[in-house]
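Data first, discussion second: the structure below is written as C-alpha cells.
First chain written, first letter: the chains are A, B and C, and each begins at residue 1.
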Amino acid sequence: MRYLILIAAVLAAGIGLSSPYQLQLLTFVGINTLLAVGLNMLMGYAGQISLGHAAFYGLGAYTTGVLTVHYQWSPWSALAAAIVLTVICAFLIALPLLSLSGFYLGMGTLGFGMIGFVVFRQWSSLTGGDSGLVGIPALEIGPLSFSSPRSYFFLVWAFAVLSIFLCERLIDSRIGRALRAIHDSERAASSMGIDTGRLKVHIFVLSALLAAVGGFLYAHLVSFISPSSFDFLVSVRMVTMVVIGGMASIWGALLGATLMTILPETLTVFHEYEMIVYGLIMIVIMILLPQGLFRGVLDIYEHARKKPGRTSAGSRG
Amino acid sequence: MKTSGTRMIRALAVAALMVCTVMSGQGWAAKGPYKIGGIFSITGSSSFLGDPEKKSMEMAVEKINAAGGIDGHMLEPVIYDDEGDPTKAVLAANKLTSKDEVIAIVGPSLTPTTLAIIPVVEKTGVPLISCAAGIKITEPVKPLVYKTAQNDVLAVAAIYRHIKAANIKKIGIITVENAFGESGKEQLAAQAPKFGLQILQAETFGAKDTDMTAQLAKIRAAQPEALVCWGTNPGPAVVAKNVVQMNMKIPLYQSHGVASPKFIELAESAAEGILLPTGKILVADQLPETDPQKTVLKGYITEFEKRYSMPVSGFGGYAYDGINLLAAALKGTEGDKKKIAENIGKIKGFVGVTGSFTFSPEDHNGLGPDAFVMVVIKDGKWQLLK
Amino acid sequence: MQELLQYLFSGITNGAVYAVIALGFSMLYSSTGLINFAHGEFVMVGALSLISLWKGLKIPLPAAFAVSVAVTAAAGLLLERLALRNVRKPHPIVLVIITVGASILIRGIAMLVWGKDSHSSPSYSSHPPIDIAGATLLPQSLWIIALTLLLVLGLHVFYKRFLTGRAMLATAINKKAAAVVGIRTDTMVLLAFAMSAGMGGIGGALIAPLSMSSFDMGMILGLKGFCAAMIGGLSSSWGAVFGGLLLGILEAMGVGFLSSGLKDASAFVLLLLILYFRPTGLFGKAVVQRF
C-alpha cells in the first residue's frame, strides 16, 4: 500500500513538474534517501552508529569520478568498481570496529570518516584535491541518455524505491528479526545463537554500499565533485536525517531525507537568519517528537483518533 | 455538455493566444525588467568574499537603474547564497535559470562552486561572469563563461618579478589547504623556473589552524632567502605573526587573498614589511592622476564606504565590474542571452575596479599584468611600490 | 635540534588548546554521560565575547574574562533547561542530535552578532616570545596550560571536598539512586552543563589571543578537542589534558617529519589506534557504556 503511494508520488512529480530546479531538488531527496535508508538499517535496526558515513558516500562518488574522467571507464563499470571497493573497505573497517560498542564505535567511524576525507583532499593527482574533479560524464544505457533533469529524477528514484523495497524485505526476514534482537539486547541475542558479530558487519557493509551508490548517482548528477561535499558535517547530516525521520523505520528514513533536503532550500528566505531557524527546527522536532517524525506523526494521528478522556490501551511506550 | 464543451474550447483558444503572445517576446508589455542572477558565498567560511560581492552588485544595479536602466529596461537582481557549497551552488544555478529565468549570472565567489555550475549554465545557455580566481574557469575557454577576478597566474608573476629583482634565488612557500591555496601552489611551482627561482621547501596549513610554527621551522631549516605565503584570512595573519615570533628575518610575500584591511587588523604589528600584489583599489589615492583606473576606483570606494560603512577590499570589486561589464554588453540585445555572451567577448579597454578588461576569443578573463601592483605594508598602511 | 624543539613547542601550543577543550567534554561526560556537540561553539562564544569586551569595550581583562565565562555558562544553562530537559524520551542519540541543532543555532547567532570576519585579540601578557635554543614559544601557551591545570585541580577538589561535587558524581553514577537519597538530580545536571559550558568559555577566552577567532572556529576545534578527550579517556580530567597535549605534539611531529597535509589525519589515526588497543582511553576507567 505504502509503495503504491510512493510510486504514485514519484510518477506524479516526475511527470507533472517541469522546473529543472524542482526536479533536481527532488533528485537530491532521492539520493539522500538512499543514504538515510542504509544508515537507518545500521542505526535503527542493528543499533550501531556511524559518524563517518560520508566517507563511503565520497568513495562511491570519487571512484566513479576518477575512473570515468581519468581512465575513461564506462560509468556502469565504474559503479561496479565502486561497489566492490566500498564493500572491501567496509569489511576492513567493520571487522575490528564492531567489537567495540556505543561511543567507541561512533568514534572509530568518525576516525575513518575523517581519514577518508583527508585522502580525498590529499591524493590530488587522482582526485583533484580541494579544487575538485571536473567533467564527470552523464549516464546512459545504450541509446537512453539520462542527462535531462526528468530522466535522472526517475533513475535516482528507481534506485531509491528499490533500496526501500530491499531493506523492507530484509527486515521482514529472519535476518531482520535477528537484527531487532541484537538491538534490544546483544547479549540475549547472542545467547540465543545469533552470530551477532557477523550480522553487524553485514549490515554495516550494506549501509556503506547504499551510501556508495548514492555517491555514484551524485557524481553523475552534478558532474563536479570536491572534498567539501563529503566532510564530517555531511556525516552528521546523514545521522540527523535518520534520527529526525525516525530510527528503526525505513519510511522514517525517507521522511527524514526529504525534510532535511528540502528544509534548507525553503529557509533561504530567512537569509542571514537561516542557520538560526534551521537549528531551532531541529531542536524543536527532537524535543517534541524524539521517536522521529514518522512514528511521531503516526502517534499523534492515533492519539487524535481515540476518544478524548480515554487512555489508549496498548499505546506504544 | 455540448455548451460547456464549446466554452472549454473557447477558453483554451484564448489561453493559447495569450501564451503565444507572451512567448513571442518581451514586446507585448512595457519594457520588462532584465533579471540578473547572483550567486555568492554570503555566509559560510568564505563570506568575506561573498558579502562585499553581494553588496557591490546591489550597489551597481541601483546605480544603473537610477540612470534609467539599459535600453529602458530596469535591472532586477536575484541573489542566492551558496554558502561555499558546490551542491547548493548547483541548486541555486538551477533555480536562477529555470524558476527565475535570469538572462545572466554574476558569481559565484569561489572556484569549486563556479566549476560546479558551469554545466548548468552551458545547458541553459545563460552567460556567466564569475568572481573566482581559478584559472580553470576560463582555460580552456568556454563561450558562455567569463571572469573578473585576476588569475593566480598574474599574481604569482607579480610576486616572482619582485623577488627576482631583489636577486633572490631560493624560496620557501607555505599555502592554505583549500582550492585557492592549491591553485596558488600549482602556479608557484609552475612559474618558478621561469624566474630562475628554486622552491626549497613547500608546506601547507589548514584554514583554521592556530599555529604554523612547526611548518615554518621546517622551512627555516632549508634556509630559503624569502618566504611566499598563499592563502586567505585568517591563516596568513597567523603565519605573519609566527614569522615574527620565530625571528625569521627573510622577506615575507603574501598573496592577493589578503588584500583587505582585515589582514592588517589581524596581523597587527607583524604586518609591517610584508609585500604583496593587489588590485589598485587598495592604493587608489597613491596612484598618479594619469592612471586610467583612478576615477573609477575613487567613485566606487566613496560610494561603497558611504553606503555600507565598511572599508572596501578588492573582492567586492569583482562583482561590481561583473555587473558593469554586463550592462555594457546588454545594450541592444533585448535580453538575448547568446548576444549578451558575444557582446561581453567584444569588450575592449573597459576600465573597471579590478583592472582594465579586454576580452578576446582566447581570453575570457581580459586582464593584463597592470591589474596588479606590488605594495608593501608600512605603518599599518598599504604603500605602493614603484 | 632547533627544529625538533620548535615542533615540540608548536605541539604544546596546539596541544594546550585541545586540552582545555577536551576538559570540557570529559567533565560533561563524567557528570552526565552525554556528549555535547555544541561544545566547540561554547569555546567560540567565549573567545569572541572576550574580544568584544576586552578589545572592543576596553573592559579590564579580569572582568572581561569573567563576563565571557558567565555568558557561555548561561548559554549552557539555557541549552539544558530549555532543550535537553524537555525531551520526553531522552535516548542518548536524540540528545546528541539536539546538541547538533544547538551548535548550528549558536553559530547562526554568532554570525549575526560578530559578523563573518575574523577577529584578533592581544595577549594577556606583553612578554616577548620565550626563546630556548632558537625555538620560540608564546607565553600565552603557558597561560593556557597553567590555567587548564588549575581547572583540573579545581575539579578534583570540587568532586572530593564539596557536597555539591559529590552529589554531581552520585548523579552521574546512578541517577535514580541519587534521587532516592535526596539529591536534586535535575539541578545537578543543569549545573554540570553550566560548568562544562563555562569551561568551554574559559578555553575560548584563553585561546583568543593565540590565534584568530571567527564565528565558525568552533567546528574543527570541537572535533579535535573531542578526539583528544577520547584519546585521554572520557571519564578522566587528567586524561583530557594529557590527550590534548599528546594530540598536539603528535600533529606537530607529523608536520615536521611527514608532511603538513597529513597532519589532520594523524589525529584520527592516533584515535583509531587507541580505540583498538585501549578503547577507554589512556587514562580512562574501564566503564562500558551502552549506547
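Keep this in mind: a residue touches a chain if its C-beta (ideal position, glycine included) is under 8 Å from a C-beta of that chain, and two chains touch if they have at least 3 such contacts.
Computed from a predicted model, the values in this text were never measured in an experiment.
Taken together, the touching pairs cover every possible pairing of the chains. Across the two interfaces under comparison, A-B and A-C, the one joined by more C-beta contacts turns out to be A-C. Chain centres here are Cα means. That of subunit A falls 35 Å from that of subunit B.
Centre to centre, using the average C-alpha position, subunit A and subunit C are separated by 31 Å. Residues of subunit C in contact with at least two other chains: 111, 219, 261, 264. Touching of two or more other chains is recorded for residues 121, 272, 274-275 of subunit A.
Multi-chain contact residues of subunit B (touching two or more other chains): 43, 177.
Within the complex, the subunit B residues that touch subunit C are 43-45, 47-48, 51, 177, 203-206, 208-218, 220-221, 233-234, 237-238, 245-247, 262, 265-268. Per the touch definition, subunit A reaches subunit B in the complex via residues 19-22, 24-25, 28, 121, 124, 129-132, 134, 149, 222-226, 228-229, 264-265, 268, 271-272, 274-275.
Taken in their complex, subunit B has these residues touching subunit A: 42-43, 80-81, 84-88, 90-91, 94-95, 97-99, 111-112, 115-116, 118-119, 124, 134, 136, 177-179, 181-183. Put simply, subunit C touches subunit B in their complex at residues 2-3, 6-7, 9-11, 13-14, 17, 111, 116-120, 129, 131, 135-136, 138, 207, 210-212, 214, 216-217, 219-221, 252, 255-256, 260-261, 263-264. The touching residues of subunit C, when paired with subunit A in their complex, are 35, 37, 83, 86-91, 93-94, 97-98, 100-109, 111-112, 219, 223, 227, 230, 234, 261-262, 264-265, 267-269, 271-272, 275-276, 279, 288-291.
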